[in-house]
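Both complexes below contain chain A, partnered by chain B and then by chain C.
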Partner chain A sequence: MNRRAVLQLAYWVVTAASFVGAALLVAFATPNERTMGVVQKIFYLHLPAAINTFLACGLVFIASAGYLWQRKTWWDDLAAASAKVAVLLCSIVLLTGMIWGRSAWGTWWTWSPRLTFSLVLWLLYVVYLMVRASIESEQRRAVVSAVYGIVAFLDVPLVYLSAKLLEDIHPSSITLDGSMQLALAAWFLPVTLAAGGLIAARYALNRAQRQRSGSAAPEPRGFPVRLVGDAI
Partner chain B sequence: MTPSQYTLMAYGVGVVLIWGYALVLFLSGRASRRRRG
Partner chain C sequence: MTRTLRQIALLVAKDLRIEARTRQTLGLVTVLGILIVVVLGLGLGAQQGGVGHRATAVLWVAYLFAGVLCFEKTMSVERHDGALAGLLVAPVDRGTIYAAKLISNLVMMLAVALVVTPAGVVFFGFDLSAAPGQFALVIGLSMLGFAAVGTLFAALVSSSRLAGGLLALVVFPLTLPVVIASTQIMLGIFRDGQDLGGMALGVLGAFDVVFLAASWVMFEWVLEP
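What follows is the complex of A and B.
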């Protein structure tokens, strides 16, 4: 086993251990919230998943802009990897939210602003992956998905602000005591480590696939003139 | 279902999705390395 494999193994062992630690903390050291009861504990997974969804979408945005600026394929590979993890995390946000809603509100789904914008976010990045899969030309795929990745990010502030600015059944803030804050912080660690590790692993796979296909060399820089021609 | 069961279901969904995808990536990486020799 080489040094890199040992480091990767250590990273995932630490991530798994922090998952177990955070789960034990929520199960045995956190009180039930007064009005919502035990189902409020879903929040400790739901919020870190939501924040990491935003971070992954932000990485798609940065990598997309980076590709349009520099025309280097590793930006495109990073955007693709981040989008996949963004879809995964957003799925967790939607599913945990629906399960919480079923118990707290008595319904799996309601068309409140935040829920609707969150579903739109998930759809936007699913469509991003579908767009990538549907374009054969590597360069055209990279340009079109980079433009799309920048535009799709516009939904992130809408998701964040919707429950604060619009009338919404979704809680916009919650008061936590000391042990609850500790549990929330504890869940940020494994979810963030897992998100980072998954993006890195998916990125490495994308690079390996590109090197096998023999197209890892940087493309000529031509923003913004080339952008228009490539996108059409 | 009880609130406790809903809570367990939510954590189960989250953990299965994250670690399921990690397993998929691990197996894909191993297959990719084998192809490269």
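What follows is the complex of A and C.
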């Protein structure tokens, strides 16, 4: 194995180990919540996943802006990889949230601000993936999805503000005892490692695919230059 | 400044003249809007009455679909006979082109709204007379934000084969904050008899400002013949 493969393997071993450690911590070291019982433990995955969703969305924004600025294809590959992981994490947030809601409020879905916000966020980035899939020209796809990646991220705070206009039953702050705080902190590590690792792996795959199809060559230049080139 | 305004006026007049002579879009879009109102009216049981305040949500569906068709049309006229290339080599700022397209779209949407809104009011027994000015203000602000995003993406995706479906797919989720805010304001005014909510109006205003600015900046980078 070369050095890179060893490093990758080590990374995933550490991630898996911290998942196991965090799971053991939740299973044996945290108390059962009084009213919700064992379902409350879903929270340890819910919150880290939600925060990592924002980080992944932020990365889509940065990579999209980077692409429009420099027109380098690796920015586009990075944005695509981050968006995919953002959708995955947001799906986890939605599903765990729905299971929580079923147990706490007796309903799978309610149009409360945070649920609505998560749903719209999920839709925004699912559409990002759909847009990528439906444009054939590589350069056009990169430009369209970069603009969409920027606009979608600008949309996020507005979605949050507008969702706040709806009635709320979601807990805005939760008091946790010491062992619960520790377990929550312990869950941030594996979830963040997994998110980062998945983005990196997907990015590497996107790069490899692009090189295979032979289009990692220099980009065609912008419109005015091209026009002049055609004239000559 | 006056030069820019004259350019905008010229471009808008051109778009509207094309529409006036071909009459391709407005008729189709208006009938589609009325159809949406009728289908949803039957679906929601408007014949039993008591659903007046739902008319605002139904009107939104009609405005959204009508709007997307208008955005697509005003951009696709530039795709014929290399019109866009001509426009791009003309000494006109890209921001000016954006402003002109935005105004054309707003005029067309206004024309559609002038027919579809009364249809919704009549079919749903919606009591618009409670606050017509506030209704116009909220819908106006919302349409501005919607058109700002729509005009940008119409320029982006009109060259791809899937233009129509793709444009709706892209613009609808981005416009959701506007839909949420304006429907909440409408429910407050027409169902609960409240005054105009400052917070909700702020969200609409913020959406308009953010996306007018962002679209104006990015339009320059996305327009290609």
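In the analysis below, the second predicted complex is superposed on the first by the 201 of 232 C-alpha atoms of A that agree within 3 Å, B and C clash if a C-alpha of one lies under 4 Å from a C-alpha of the other, contacts with A are read in each partner's own complex, and residues count from 1 in each chain.
Following the convention adopted for this analysis, contacts are C-beta pairs under 8 Å (C-beta built on N, C-alpha and C of every residue); 3 or more make two chains touch, one makes a residue touch a chain.
None of the values given here were measured: they were computed from a predicted structure.
In the superposition on chain A, A:29 makes contact with neither chain B nor chain C.
Applying the stated contact rule after C-alpha superposition, one finds that A:19 touches chain B and leaves chain C untouched.
In the superposition on chain A, A:120 makes contact with chain C only, while chain B stays out of contact range.
In the superposition on chain A, A:96 contacts chain B only, with no contact to chain C.
With both structures placed on the common chain, the touch criterion links A:10 to neither chain B nor chain C. By the touch criterion stated above, A:209 is placed in contact with chain B alone, chain C being left untouched. With both structures placed on the common chain, the touch criterion links A:37 to chain B but leaves chain C unconnected. The contact sets of chain A with chain B and with chain C never meet.
By the touch rule above, chain A contacts chain B in their complex via residues 12, 19, 23, 37-39, 41-42, 45-46, 49, 85, 88, 91-92, 95-96, 99-100, 102-103, 191, 194, 197-198, 201-202, 204-205, 208-209, 212. Of all residues in chain C, only 88-89, 149, 152-153, 156-157, 159-162, 166, 169-170, 173-174, 176-178, 180-181, 184, 197, 199-200, 202-203, 206-207, 210-211, 214-215, 218, 221-222, 224-225 touch chain A in the complex they form. Against chain A, the residues of chain B that register as touching in their complex are 1, 3-4, 6-7, 9-11, 13-15, 17-18, 21-22, 25-26, 28-29, 32-33, 35-36. Note for the complex: chain A touches chain C at residues 68, 116, 120, 123-124, 127, 130-131, 134-137, 140, 143-144, 147-148, 150-152, 154-155, 158-159, 161-166, 223, 227.
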